[in-house]
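Labels A, B, C, D and E are assigned to the chains in the order they are written; within every chain, residues are numbered from 1.
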Amino acid sequence: MKDFEPVIVAFCCHYCAYTAADMAGSKRIAYPANVKIIRVPCSGKVDTIHIMKALENGADGVYVAGCLEGDCHFKNGNLRALQRVKQVQALLEEICIEPERVEMVTMSAGMGERFAKAAFEITEKIRKLGPNPSKAAMEKAKAA
Amino acid sequence: MQNQNSIQTGKVLVVGGGVGGIRAALDIAESGGDAVLADNAYSIGGLMTQLDRTFPTNNCDLCTLSPHLSESGRELHIELKTMTEVTGIQGAAGAFEVTLKTRPRYIDVQKCTACGECFERFPECVRFTPGLDHRAPTCMRYPQATPWAYSVDMEKCNDPEALEKVCKMGAILPEDRAEETLIEVSAVILAPGASIFDPAHLDHFGKGTYPNVFTSLEYERILSASGPTGGILERPSDGKQPERIAWIQCVGSRGIQKGAASYCSSACCMFATKEAIVTRERFKDDIETVIFYMDMRTSGKDYELYYQRAKNEFGVRFVRCRPHSVVQNPENMNLEISYTQDEKSENITEEFDMAVLSTGFMISEETRKMAEVMGIELNPHGFAETASFTPIETSKPGIFVCGMFESPKDIPETMVQGSAAACKALSIPYRGKPAPDHKLRAPADDAAENQWDDYDEYEEFPPERDVTGETPKVGVFVCDCGYNIGGVINVPEIVDYCKTVAGVETAVAVGHGCSGESQKMMESLIKEHQLNRVVIGGCSPRTHETKFQDMVRRAGLNKYLVEIANIRDQDTWVHGDQPEIAANKAKELIRMAVSRVWLSIPLADHTLPMNKDILVVGGGVSGMTSALALADRGFKVFLAERSPRLGGMAANIRKTLEGEDVRSKVEEMIERTMNHEKIQVMAPAIIVDHAGMPGMFTTGVQSGPQMFYSSIKHGVTILATGALPNRPSEYFLNEHDAVITQLELDERIEDNPESVKNAENVVMIQCVGSRTTDNPNCSRVCCQAAVKNALRIIKINPDARVIVLYRDMRTYGFQEDYYKKAREKGVVFVRYGLEDTPVAEADGDKVNVIFKEPILGVKVSVNADILCLSTGFISDDESTEDLGFIFHLQRTDDGYFLEDHVKLRPVDLPVPGFFVAGTAHAPKNIRESIVQAQAAAGRAQTLLSQDTINLGASVAKVDGKKCAACLICVRACPYSVPYINADGYSEIDPARCHGCGICASECPAKAIQLMQFQDDQILARLDGLFERMN
Amino acid sequence: MKTESVLEKVFNSGQLAVTSECGPPRGALPEKVIEKAKMLAGYVDGINVTDNQTAMVRMSSLAACILIKQIGLDPIFQMVTRDRNRLAMQSDIIGAYSHGINTMLCLSGDHPHFGDHPMAANVYDLDSVQLVQTVRNMRDNGKFQGGDDILNPPKMFIGAAANPFADPFELRVARLAKKINAGVDFIQTQCIYNMAKFEKWMKGVCDRGLDKKVHIMPGITPMKSAGMARYMKNKVPGMDVPDEIVKRMAGVPKEKQAAEGIKIAVEQIQRLKDVQGVHGFHIMAIEWEQKVPEIVEKAGLYPRPVIE
Amino acid sequence: MSLKKRLSSKEFVVLAEMHTPKGVNISELVNNARRIKGRIDAVVIPDMDNGVMRMSALAGGVLMHQQGIEAVINVYCRDRNRMAIQGDILAAHVLGIQNLIVVKGEEIANCDHKDAKVVDDLNEIQILEVVNGLQNGTDMAGFDLTGAPEFTLGCTLGKFADQASLEKEIQAAKQKVDAGARFIITPPIFDIDYFLSAADKIKALNVPVIASVFLIKSVGIARYMAVTEPESRIGEDLIKRIRKSRDRENECLKIAGESMKALKGQVDGVLAVTLGWEHRLPTILDYAQL
Amino acid sequence: MITAERKPMEEIIASVRPYNRILLVGCNECVTVCAAGGRKEVGILSSALQMAFMQEGKTLDIKELTLERQCDPEYVEELVTVIDQADAVLSMACGCGVQEVARRYKDKPVYPALNTKFMGASERQGVWAERCQGCGDCILGLTGGICPVARCSKRLLNGPCGGSTAGKCEISQDVDCVWQLIWDRMKALGIENRYEEVMMAKDWRSSRDGGPRKIIREDLV
């Protein structure tokens, strides 16, 4: 597992998290390249299916990054996103996949450091968890 | 007549790039005018960018503000001139010739990408203040400076040649020279702001000598995460976190210290309170906070509540006194503050770890010089001279003022004045040389005869090519962005890779994609290869998406057929030390974009025709001011007033504090309003129903003596419904003839001075019915009214004894001068507390007023001929509630309309297309009401300048066939937009959709898609990412 | 006289009646039933035999009643509507009557949720009011619920329960009236601790003249301990135990609490004897049947009248 | 059954007022009328009573007639001389209009054409007499008509604040009845109990009494009327009722409906006056349960 | 509306384990409205199943399809074009839909993915509560429009029982005592005097107890 480099999909809302990611760039704060950002207008736009499909397609981890609580550009989209993340976590548990592979983080537009820190922490966490069991099993099966 | 509507306005020069100037320039630009924004500094932003947080939300509102700032940099109507000052002015309103002098920046702003290379090599001589420079007092959370460019201090540079070579963009210009430009403008707005009082010369406060004494702005920087300590609060003397912090108010204001201004700086009370609250919020009981003050001047909207929260919820201690000195304890470097209080005679000394001086605002020497150049009159304090009914007009026609230069004030008031100044400046017709491109769009009564066609589009776009049915042909253009991208990854290699990605027709490296040449190259490649989809590998879409959208439009493609892969901000900038990883990620990001753009479809921005008529509700001074401002610009205005006559509350006022005759001004205004051909006055009129959206509202009004119903169609609504004079049944008001209100006293002094002349004793009681449980806020105008009437009584009868019983004297700004004058003239001001309120007893035709003399501590009884109660305002609760229901507007707890954003959008209401002015917003005086009314007219014009309303393309669409009418979207939408239509499925009005997509992701039938972010497009990105696995 | 019921006869004689209860064992242990019943012999006018009390499976009420009847005592056959549909209930009633059982109590029964078979289907073909109505119809009209004639209809003296303390309180008198409408002859109430509230209810009952139509027997349950008082107060739905009672129980040493409980019960009976409309007492000494004679004696209700 | 028959057979009459458009777009008028067709006995078309220039009542009445809805049109003195008035009345009959109400027009100072010339050739009584004359086959000048029209003629009762002014208004109304009015329309009624206390005096006129029910649309309107028209007797209770309601609009409709319901059995008919909210008439009628 | 919720994944996984090609069919009526079996839930379940089986090294061939209504034969007929490509059908409809599919495609195993719960109303977003038991003989007119058959834990028609406490049912604080509601409503309507009328024993034949039911509208047949 030494060489395992997780692929992590980050759904970032335009107004806060995506801007924070840009901010990390402006400040040249490095974070793991494992994190692939998909921009959405609001974290509330992230559908349960999007998260599931990301995992099904082979992501080792997925997180939704939205605005700080109470600061959502669209009032409460981030809270809805959180509910959906919880729903996915419960579902993953049912199919024996670690629910920690999915999570919700929040930050404001200026929090480049926080974005980078979250990216680091989540990458590390997923690295420890190892590859997405579905993907790993399939690769093993193919190899065999 | 109608063609005269199209006033030709020239450019407007805005001097000063703080929030006020930016607001003014933006409003001008949004109204279709052109502004030149000149600022002395390297980048715009002014004082506000130095604030960590602002009240009342205690948020850093700069995130909300930042779109404004970058907008002003990008906005085609605004020419930004930094490092520039005004050196001369010729001509008159409508045709000024202004000379501007720009100091050399040594950087070509157009070429500079703020890559930072030069700064890295020559930190001593390169300046950049986007919030990244630890030396700069700029907020960290604000990610962009405008302009987004460096500047160079050439004097500090030893090797200009080497410096020049550092820049791959060739943006460094060692030979840059100061430049003088002559511009022709029709109006000028002065928004130079103010500087902060420097307390260094005040030995008794020790600023500059004691390390632990700060000014309030310095303290703000310390609290800020981007400040000199990185947000760590510690004492410079020993690096310890302070346990006790004191604020000392009125440093440099109210004539307290040597060199201090005599006026009140207006904003410091709230500033200090906010700093104390933020400190308590963050450190809880670890830090004790004490504010030493003379009068707590929290008279703004809901400010009193904030003050109460500071006291009661956050445990900030407020001590009324004048500290006479701050002495440093040499052993522990603590600060001993000594003071005496009214009630107790002994001298008290308290020890603090840190002291913050609430320093006031001053007009700088530079600003005075600028005013001299402009030829405008200044008041004795060096501020621009204005009058109550022309509050932002300087002595020179065509030159307007906003913000601090008019008088000391806080951010919302500055914002209001910025909008008002824009409105006034736009009302000056251009009289200079014919310049057709300076035509301003005006209401089109007769369909405008297409006369603005050439104006609508700055760039002519060719017709869009119809790409439906074509197989997607994707062109990938990869920027190197100088070192930014090209310095990390090998762009040609990336380009070669892109060519191998499925669906890519061609891939090309384009250097700086945002540069003119590259844009042209891409345009021709698109045409040459008949591309129908475009991917740009470059910087963040947040920066240049519009630019690339315009580029594909010029190439004949719909603007939504371009997709940007953020390979700079989110790749090379963060993986600069791992080129290989960065290159891989760049490939992935481009692949994701290609996969996504494959599914892009042409979208049309949603537009609606704009109805340019305006409904103004309320015919007082505010309503008339708004109506006249708009009608003068040629807009049709419906003015609905509830009572049969215009004039509102001001019709009952005789004089302002400054002595201006209110009645004649109001009469003049009524006359003009009634006879204005563009204003239809409806009085009496009552609003009964309302529907529609901004640009096409329909409001039902019943008007005339018969209350006849008619429907008015209008594009925007201005609410100026006013407040009511409060009349609480206290102190025998309405029962005893000797007891009257300030309004009545004002009238009596003017209309029947004899009745006042013989009064020996006049007692005034402040805060009757204000700052109470029932009406918790301050009525703002009573202190000035008391001072005004007291001075007038003394004038009529110099022997009269006038006693004002007050809680805090809130004579903010220049009113302080009158307060001082009243004291000099012998008016007695006696403070009372809530624990010991004055008592009145009827005594024949007089009233005995009994109150406690705080210094002596004894009860005093005065036999008053007149007991005048300062009853102030109370909201017109029933009316605002009624209108709130009809218009779906929010109100504050005390019944005033709630604005969209207390700080940054104080005139806009949360429902788009609605604006508020005057006392319907909060208690204010005539001058402030007029400013806000002008601002409302200005804000309204920003909407009205559009012929159509562009709603963007990112709206939710329902597939009626799939919809199960489950109501989930109806319930989930944060804006209550979806509804189940007559056909039984959900319908989303694109005009009201905000584009968040929450409904789309909640829909259990997957019947809703958010355009631009359709599910398949999002999933396509995943496909692009995982291509190598699947 | 509607029936041969001893209880009815006591009521008719104008004297205060006394009943108590006997929970059948959770197993085939007829001797347990007989043992418990014998403890009460001579002290009560009827012995309630519970029907799967608290939704726990026990020996059937019918069987236990028969056992009691066989030793010459007077059982009150309790029946809940939870477990049987109208066919089963009517057949059991005829069966009971065939064994000389002539007094019954109609209840809806605790929800299975509380018992040992929470997964059981709850039948509730009828509710308690409808059961009262059914039994009355069987007795007075000689008809089954379905309308057919009964050969030798069962002459049952019909009781039902009432809880004066459950919510909504204002409805409680009306609910009693409803049961009276349905044909109930006597009412045994939930354990009474809140005397004032009970009296308020009784006043409502008398104001409407309902005391003339039904015999009301307040339920008396002696507390064994302060713990029991607290439990009853906090855990039992529809129970109203005033704080004073809990305090009083807790105020005496643990070993004396049982005696205090008995004392309270006796005091309560003394107080309620004088309340208009109270025609007797139902003493429910839960798993403490041996104390019933003591309470009856101390309350001055002993000896029981001899009915011809 | 026609309005005339209902009135004569003492059946309860329900009328609704509908204004003609200020302009030529009649779709709203027609649509609103269709919505209540069958639920009311006739539509009352005011002329320019409120002082707002608009399409004439005659045309509005004809439109109603074309929709199969019986119309009552208003006639008054301000804008036309005796020639025009008589001509229009003849036209009305020919075009199928069977009912007229003679009304006093709004003061010209309160009109939207303040500088218009006031005609006032005839007063209310005279108009009633003229109509009677026409019905009898002669015009005002005494010439015989070829064919006489026939109408059910109504008049209005002025606003009254107290018993004294009521007396005065009834005297005035009596003259109108004597001049030929066959039914009378009351001013808007808000305080039904107060109205009923005065109703006997009105009934003494011996013509059917039709009570106006005015739709208050908002707290603002209620407050305005309470302040400016004390004779309307709108009390704080009513204002509070609207204020307290969660759906104020609906509450206003309900109040109007309830008033109509309460008046049934007390008077001979009701007239719903909705001023611009004619599209809400169906809801009001729902609440009125008529 | 009929409400339902997804079965535990374990059960669903076990039911389709023997198959490789699954036709996953949702329904765009009630179960969409109660967010149990519409297109969205179909998508989520499909993804979850896929991942579950991938862990066993197996790729499922899942075809997702959502019918307008799974309880009408005409809509169910739409499956005819794809049914042959599946080894089994996993239905996300209510029990009616599952049976309709089973009836039409006799040789295909059909498995339910949902547990059909009750006929209910949505109390608010995301909360559904039982309102009707379909007893076939509505008594709502007698009980102020609130059903004791569906909403009283003991189905008392002459309630409330003695366990009613502060408006709640004795079985749970989360359950309203329906008789309290009925009583409040009767008072609001001013018909509380009708409470004392004894409601007669119900004729349960019109309910399920009378055997499976059918409605035949002669005029429509």
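Keep this in mind: a residue touches a chain if its C-beta (ideal position, glycine included) is under 8 Å from a C-beta of that chain, and two chains touch if they have at least 3 such contacts.
Bear in mind the structure is a predicted one, so any value in this text is a computation, not a measurement.
Student: Can you list every chain in contact with both chain B and chain C?
Tutor: Expected: E.
Student: Look at all chain centres (mean of CA atoms) and spot the one farthest from the centre of chain C.
Tutor: Of all chains, B has its centre farthest from that of chain C.
Student: Which chain's mean C-alpha position is nearest the mean C-alpha position of the whole protein set?
Tutor: B
Student: When B-E is set beside C-E, which has more C-beta pairs in contact?
Tutor: More C-beta contacts join the chains of C-E.
Student: Find the geometric centre of each of chain C and chain E from their Cα atoms only, then give the gap between the two centres in Å, rounded to an integer.
Tutor: 40
Student: With centres defined as the mean C-alpha position, give me the chain A-chain C separation in Å.
Tutor: 64
Student: Measuring centre to centre with CA averages, how many angstrom lie between chain B and chain D?
Tutor: The separation of the two C-alpha centroids amounts to 53 Å.
Student: For chain A and chain D, what's the span in angstrom between their mean Cα positions?
Tutor: 70
Student: Residues touching two or more other chains, restricted to chain D: which are they?
Tutor: Not one residue of chain D touches more than one other chain, so the list is empty.
Student: Can you pull out the residues of chain E that are in contact with at least two other chains?
Tutor: Touching at least two other chains: 40, 43.
Student: Could you check chain A for residues that touch two or more other chains and list them?
Tutor: 47-49, 53, 135
Student: Run through the chains and report each pair that touches.
Tutor: Listed in label order, the chain pairs in contact are A-B, A-E, B-D, B-E, C-E.
Student: Please output the residues of chain E touching chain C within their complex, sorted ascending.
Tutor: 153-167, 170-172, 177, 179-180, 183-184, 192, 195-201, 204
Student: Can you check the complex and tell me which residues of chain A touch chain E?
Tutor: Within the complex, chain A contacts chain E at residues 47-49, 52-53, 55-56, 91, 94-97, 133-135, 137-138, 140-141, 144.
Student: Under the touch definition given earlier, write down the residues of chain A that touch chain B in their complex.
Tutor: My answer: residues 7, 9, 14, 18-19, 21-31, 33, 36-42, 44-50, 53-54, 57-59, 71, 73-77, 80, 84, 108-112, 116, 135.
Student: Provide the residue numbers of chain E that touch chain A in the complex, in ascending order.
Tutor: Of all residues in chain E, those touching chain A are 8-10, 13, 40, 43-44, 47-52, 54-59.
Student: Under the definition above, what is the set of chain E residues touching chain B in their complex?
Tutor: Its residues touching chain B are 28-29, 32-35, 38-41, 43, 66, 122, 124-125.
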